[in-house]
Structure formats: C-alpha cells, structure tokens
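Take a look at the structures listed below.
Each of the next two complexes has chain A plus one other chain: chain B in the first, chain C in the second.
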Partner chain A sequence: MILAVASGKGGTGKTTVAVNLAACLPEPVRLLDCDVEEPNCHIFLKPEIHSSERFTLPFPTVDDNRCNGCGECSRICEYNAIVSLKSKPLVFPELCHGCGGCVEVCPEKAITESRREIGTIRSGTWRHVAFVEGLLDVGQTLSPPLIRAVKQHVGTGGITVIDCPPGTSCPVIAAVHKSDYVVLVSESSPFGLHDLALAVDTMRKLDLNFGVVINRAGPMDHRVADYCRKERIPILMEIPDERKAAEAYSRGLLLIESVPGFRKLFENLYRRILSESRRNPGSMQGDRRDVEGIA
Partner chain B sequence: MKISISAQGPNPEALVDPRFGRAAQFLIYDTDTDSYEVLSNAESQDAFQGAGIKAAETISRHGARVLITGHCGPKAFSTLKAAGIEVVTGAEGLSVSQAVDKYRSGQFNAANSSDVRGHWQ
Partner chain C sequence: MKEMVVISGKGGTGKTSLTASLASLSGASAIADCDVDASDLHLVLSPEVQRLESFKSGHEAVIRQDDCIACGTCMEKCRFNAVHEARRYGRPSLFKIDPLSCEGCGVCVRLCPEKAIDFPERTCGQWMVSETRYGPLVHARLAIGAENSGKLVSIVKNEARRIAKERDLPWIIVDGPPGIACPVIASITGASLALVVVEPTLSGKHDMERVFELTKHFDIPTLVVINKWEINPGIAGEIERGATSAGVPLAGKISYDNSVTAAQIKGIPVVEYGGPAARDIREIWHAIERRMESIEKPSVIEV
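Right, the complex of A and B next:
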C-alpha cells in the first residue's frame, strides 16, 4: 500500500504526519522523502545512510557532421530546449526534461544523449523503517524526474509512506501519482483552507482516494472541519494544538515518542486510513460517502 | 532587409513591447518595400518556458535580420546571435515607427550581450 502525505499549503505538518506515521507502522515499512527541494524527514528519523548516488538527466548532443538543419528536433521539443536555425541546433540543457523526443525524430541520427547531474538519492534505515530521500541540487528547477526516481524504491509488500512537496503543481502530481491513498494535512486558518480546497480539487481530478488531517486543531477555528463536512471528506485525525508537540518538533523529536497520547493518535490514524481505503477503493468522484466518525 | 520589432499593438503607431519573448506580437518592417506586416507571437506566449528562444526562432524563420525590442535575456540573445540577427535593446517608450526611424538614422547601437538576467539566475 502506498500512502502519500500531501497538503496544498506548505508548513501544515506533512513531514510530521509522514515520519510519525511511518515510525508506528508495522514492518515492512518504507518512508520516501519526495519533498526534494527541501527534504527534512531525516531530521526526525535520523536514519543511518547506507548509500548515496548522484541522479542524472539526459540531454541532447548534436553531431555537426550528421545534422542537416532540418529542424525536426526543434519542432518536437515542448520545452524549447533545442532550437534549429538552418544550422546546427542550439541546446539549452537546463530547459531539457530528458524526454528523448529529439533523439527519436532526428532523421539523420545526429543526436545522442549526454547526462547532467541534478540531484542525489540517499538510502538508509531507521530501526525497522527503510528510508529513501531525494535532494535536488541548489539552482536546479526540475524536480519531477528526481521524485519519480525516488519512487522507484516503492518496493512490494508492506506500506510505503511518501512525504510530498507542498502545492498542487507538477512535483506534487509526480509524488502522489499511483498512490493508494492520500492524506492531506491542513491547518484551520484562511490560508490552510484555501490551499486545502486546491489540493482537494487536484486529488479529485487525479481520481485519488483521500482524507484530511487537521493539524494544530483548537477550539477557535472550525473552518476546515466545516469544509470537510460540507464536501463529505473524511477527517482522519485532528492533531491537538499542544505546546509540548511544538517543543518536541523544534527539537527534532518524534511526537509519538515524546508527547503523551500521540502514539495512540497515529495508530488510530493508520487504522482509519486502512478502513477508508478499503471502504472506497477507487474514485471519490460524485462522492456520496457517509460522514461517520467525523469529529 | 527585414527588421523585427516587438510591439504592443498591430500597427506602427503602437508602442514597442519592452518584452521580447513574451511580446504581444512582432511587426516586421521591410526596408525594400517600406511596409509593415504583423507576425504572431502566440506560440511563445503559450510556452511555459523558453519563450525567448521560441520567439527568436519565429522571427528568424520569418527572415528578420534585425530585432528592435526593450530587453533581451541570455538564452534569447544566444539564439538570436546564432541566427545572425542584430539585436537592439532599449527601445521601450518609443512607437514602432519611431524606433525604426531611430535605427535607420544610426542612433541605436547593436547590443553585445543580453541586458537582463535569465529566470532562476
């Protein structure tokens, strides 16, 4: 089973949910940190890293002697990374997504692929949790290929927890793609609700099954809970707004090990996800599910 | 000779568009016939990246030998250079016809490099 933890808004607690959930799941469990622009699961799990490899993307190199300047490469490139002006094409590696289209269409077979490094993939373990993270190099912008490479470590059997990037654009789509269930972590604030609604729209468009975790839940602001009830989205867990939780987080500690009652919360979250994902295999479109269990 | 001008509107009275890659459109002035034609820049406007590269390709395929615009980034500049197109920047604030007159009277210098930075740099 693949569980993706996403959010819409940044800073709502994706990593907190991902690491604490992974840490209390039964073996075999894998945690993939796909927030490759700033992976931070390692701060809380402190895994022992066994291997570290550089990740590369292909980009075209043109053989001047073979190129006849026909411009087919330029026409197929959606990314404007190769441009032909009746002469040898110009290549802009930083714009290339590595799709290989230009290599395929070149009638003169003048294009071969070179590779450029854009990031690192590190693997290790923490107790019973297998850990993999992607780290995009500073100055690089193309995170989806690195995210997909990290997801090659999904493995078979057991549970894989994916810590996703924030937002609702390409990196998030790459991270949640093909997951069995998505946990959307939100906070009850105007920004939290606004971005949660965007994330909900995205998950519905992708036909993914999902539920919501409300972080820093307090008695003052009910807007996210109200929204979920109205949209018939299950609220999987509410993380209470407790000073002890904030202190543990600021020290890089797991909440399930340092705040009384939190292990129970996350064990219940896992059970709730299991029952939700079984109850609704497949689509949430035209959702008519009951609202049982919503606080 | 064809001179390409990034333009905010479809006629010579329109202001020069300060943007090159995302220009509203191009006007192509032909010195041989003393006439203007409109060249669409829709493909570059829709591009999610590399708009300047695409725009350079567009005007090059249309036979332009000179570009008059407001600003030009590094990728667009190297593409224009490879296409052998002379680049003139700093024409914002002028109308298209004023910019052409100023160029033809030799009051513009060709740019040696891009005058703005690329994205993410």
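Right, the complex of A and C next:
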C-alpha cells in the first residue's frame, strides 16, 4: 500500500505525520521524502545513509560538423531550450525537459544527449524504516523528474509512506500519483481551510481516496472539522495544539517518542487509514503500473 | 521603486501574515501574491477584483480516436509515461493521453504517422488585479495540477511592477511561495530585497540555509526574520548566528502571539489587530527601511 502525506498549505505538519506514522508501524516500511526542494524527514529519523547518487537529466548536444542549420530542433522544442540561429543551434540546458524531441526530428542525426546533474538521491535505514530522499540542487527549477525518480523506490508489497511537497501543482501531482490513500494534513485556521479545500479539489480531480488530519487542533476554531463533516471527508486524527509537541518538533524529535500519548494517536491513525482505504476502494482502480522516471 | 519578496524555504512559517502587515505599514505599495499554488493573501486584504484574465500556457496532446490507427508510436516515444494503452478483445488497443502526466512537449504530435494528435493550448489558471485598502493586489489561481507556475508568477510580478510604475508607488511587496525551485526563482528574480521568514526549528534552519544559497546565487540582498522565536530560544540563537555568518542580517524577531491567528480569523493584518507580534513587526519594518536606504545609495552611483 502506498500512503501519500500531502497538504495544500506548507508547514501544516506533513513531515511530522509521515515520520511518526512510519516510525510507529509494527512492520518494515519504506519512507520516501519527495519534498525534494526542502526534504526534512532525515532530521527526525537521522537514518544511516548507505548510498548517495547524483540524479541527472538528458539535454541535447549538437555536432557542428553534421548540423546543417535547418532549425527543425528549435521548431519542435516547446521550452525554448534549443534555439537555431541559422548556424549551430544554441542549447539552454536549464530549460530542457528532456523530452528527446530534437533528437527525434534532426534530419542529419546531429544531436546526441548528454546528462546534467540536478540533484541527489540518498538511501539509508533507520530501525525498520527503509529511507529514500531526493535533494534538488539549489538553483535548479525542475523538481518533478527528481520526485519521479525517488518514487521508483516504491517497490512491491508492504507499506510505502510518501512525504509530499506543499501546493497543488506539478510537483504534488508527481508525488501523489498512483497512491492508494492520501492523508491531507491541515490546520484549523482560515489559511489552513482555504488551502485544504484546494487540496481536496486536487485529490478529487485525481480520483484518489483521502482523509484529513487536523494539526494544532484547539478550541479556537472549528472551521476545518465543520468543512470535513459537510463534505463527508473522514477526519483521521486531530493532533492537539500542545506546546510540548511544538518544542519536540523544533529539536528534531519524534513525537511518538517524546510526547506522552502521541504513540497511541499515531497507532490509531494507522488503523484508521487501513479501515478507510478498505472501505472505499472504488477510487483505487485503474492503471497500476509502477511509476517510472524519464531518466 | 523598491521590490521586496517574502520567502521562507519551509512552508507555513508566517510569510503571508507578515506580508499583509508589511503592506499595511508601507502606506502605498503594489502587492503581488506569488504563491499561485495556495494563495492566501486575499483572505486578509479583502480585495475587490477589477480585472480577471485567464492564464494560458503551453499545450496538451489529445488523440483524435477516429483517426488513430493504434500503432503505439506515441506511447513508445513519450518519455513522461503519459500515454496509456487499454487492450481490447478483438479490436485494436485504445490509446489515451493522461493530461496530468502530459508534459506538453509535442513529440507524439510530431511523430504520429497519421497526424491524429491535436495540440491545443492549455488553460492553466487565472490571474486577477484587485483593489484593496493597502493598494492594488495582483493575485492568481493556478489550475489544479498545472505546469508552468513559474510563468504565472512572472506574469503576476510584472503586472504588479507595471501598476506600481503607472501609479508611482514606492514599494512592490511580494508574497512568495515555499520551496526553492521554479516558482520561487521566478518570485525573487529582480527583487531589491529578500526577507526570509524562519521558525526556530531544526527543519526551519535547514531550509533557511538552502534559501540563503539561493538568494546568494541570484545576488539578492537578504534579511532574516525569526517568527515565534520563543518556541526554541536556543535554536533561534543558532539561526541568528548562522545568518550573520552567512552575511544575512537579522531584521527582527516576532513573538509567539495568539493575536496572529486571531487577526487571521478576523481577516485583517496583525498590525491592525495589535499585540506583541504587531509591535515586533513594526520594528521589523523600520529595519527593512534602514536596510533599503543602505542598498539604494550605492546602486545610484553604479547606474
């Protein structure tokens, strides 16, 4: 089963839910940190890293001697990554999405592909957790290919927990794609509710099965719980707004190990996810091929 | 004209609450909400929308089933696994393109031997110009799962710049998205000052260091604000020292104050609600003004 932990708004507690959930499971689990712009899971698990590889994307290289300056490459490129000025085309690797179109259409077979590094994939272990994270290089713009590459470690069987980036655009889609269940983490505030509604729209559009965790739940504001009830969305867990939890988080500690009562909360969350994902399997049909990156 | 962008690396550190207050304190500014994925600034600035434009960007491949001969070339050539084949008994397979996986590269369109793939423009969201009591607000809504958020960010920012110039406003204040990639880079490009909001947590510190690398990479003067500093005064101290050694001065610290949430619930900037956080933000605004003065002087000589 693939469990993705997502949210519209940033900073609602995705990483907290992902790491504590993975850490409290009674069986081996894979934890994939797909928030490749700012991966934080390692801060809480401190896994022992045993492999670290650079991740690359293809980009075109033009052979001067073969190029006849026809400009076909430039015409097919939707990203302005290769620009033909009658002579040898100019290549802008950072704009290239690696679609391979220019290689396909070059009548002189003058284009080959080189590879550029955009990030790192690190793997390690912490107790029963097999850990993989992506780390995008600073200055790089394109995170979805790296997210897809991290997701190749989903494996078959067992449980995989995915920590997603915030938002509702292409990086999030890449991260939640083909999950069996999505946990949306929200907080009870006007901003929290507004962004939760966007995340809910996204999950419905993707036809994914999901439930909500309300973080920092306090007596002040019930709008998120009211919204969930109105929309018939299961509330999987409410994380109480406790100073102790905020302090433990700030020091990079697991809540299940440092705040009394939290282990029970997360164990219940897991049971609840299991029963919810069985209850509504309708949205889990469809193409179940493994996710493949382009590189 | 001064352009300040509020960013954070890590999400949820208080960018939007701070931006709203700074817009209120600045007196006259054009405001740009560049968090086009999950924009919230309009919730506290009560905008009245004056102009609404749709955001079209890129293309999407769509197979015309009547003309498809099911040769599978599109699936073979697509590097984004966007083409799906449904095998059918006694009939050729049905090929379909998943719009959410389609990268809009056009390779299948070009290589289809029957020219059976259309390539219409994609509507990726909308952007708006509104009036608020703090000045004009340019904001946007990216369509779900859409690409090119960086391009939409650039549109929002350029429109705010155009309006600021037209109305002779001294400030452009930009609420940035979290992260460090495409939309963040588009938000900070050309800014005169980046204000990084961080909470005193190990995650916050980790993400802040990556954002500093980014602003350094693009050569943008940077200030840091520590929000809710009392959560962990020890880490707050580490952040302050780390920032100083990275050449980033501290603009100020904001107290953990329930009036921030109360102001959000009321739908107004914190500085108008009052409380310890409001006082801290006023101090921060003065620090920003002082920093801008020292940035502006040498740049006049350079020009």
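Going forward, the second predicted complex is superposed on the first by the 282 of 295 C-alpha atoms of A that agree within 3 Å, B and C clash if a C-alpha of one lies under 4 Å from a C-alpha of the other, contacts with A are read in each partner's own complex, and residues count from 1 in each chain.
To be clear about the criterion, a residue touches a chain if its C-beta (ideal position, glycine included) is under 8 Å from a C-beta of that chain, and two chains touch if they have at least 3 such contacts.
The shown structure was predicted, so the numbers you read here are calculated from the model rather than taken from an experiment.
Just checking: does A:Y249 make contact with chain B only, chain C only, both, or neither of them? Give me first, second, both or neither.
Touch status of A:Y249: second partner only.
Answer with first, second, both or neither: which of chain B and chain C does A:T141 touch in the superposed model?
A:T141: touches chain B and chain C.
Check whether A:I49 is in contact with chain B, with chain C, with both or with neither, and answer first, second, both or neither.
In the superposition, A:I49 contacts neither chain B nor chain C.
Once the shared chain is lined up, is A:L95 touching chain B (first), chain C (second), both, or neither of them?
In the superposition, A:L95 contacts chain B only.
Just chain B (first), just chain C (second), both, or neither: which does A:A81 touch?
After superposing on A, A:A81 lies in contact with chain B but is clear of chain C.
Intersection of chain A residues contacting chain B with those contacting chain C?
79, 139, 141
Could you pull out which chain C residues touch chain A in their complex?
8-13, 16, 36-38, 40, 43, 58-59, 77, 79-81, 84, 100-101, 103-107, 110-111, 142, 144-147, 149-150, 177-185, 199-204, 206-207, 210, 213-214, 217, 231-232, 235, 261, 264-265, 267
Which of the residues in chain B end up touching chain A in this complex?
Against chain A, the touching part of chain B is residues 47, 49-51, 53-54, 56-57, 60, 75, 78-79, 82-83, 120.
Which part of chain A faces chain B closely enough to touch in the complex?
My answer: residues 74, 79-81, 83-85, 87, 90, 92, 95, 139, 141.
Chain C touches which residues of chain A in the complex?
Touch list, chain A to chain C: 8-12, 15, 37-38, 40, 43, 76, 78-79, 97-101, 104-105, 136, 138-143, 165-173, 177, 187, 189-191, 194-195, 198, 201-202, 205-206, 220-221, 246-247, 249-252, 287, 289, 291-292, 294.
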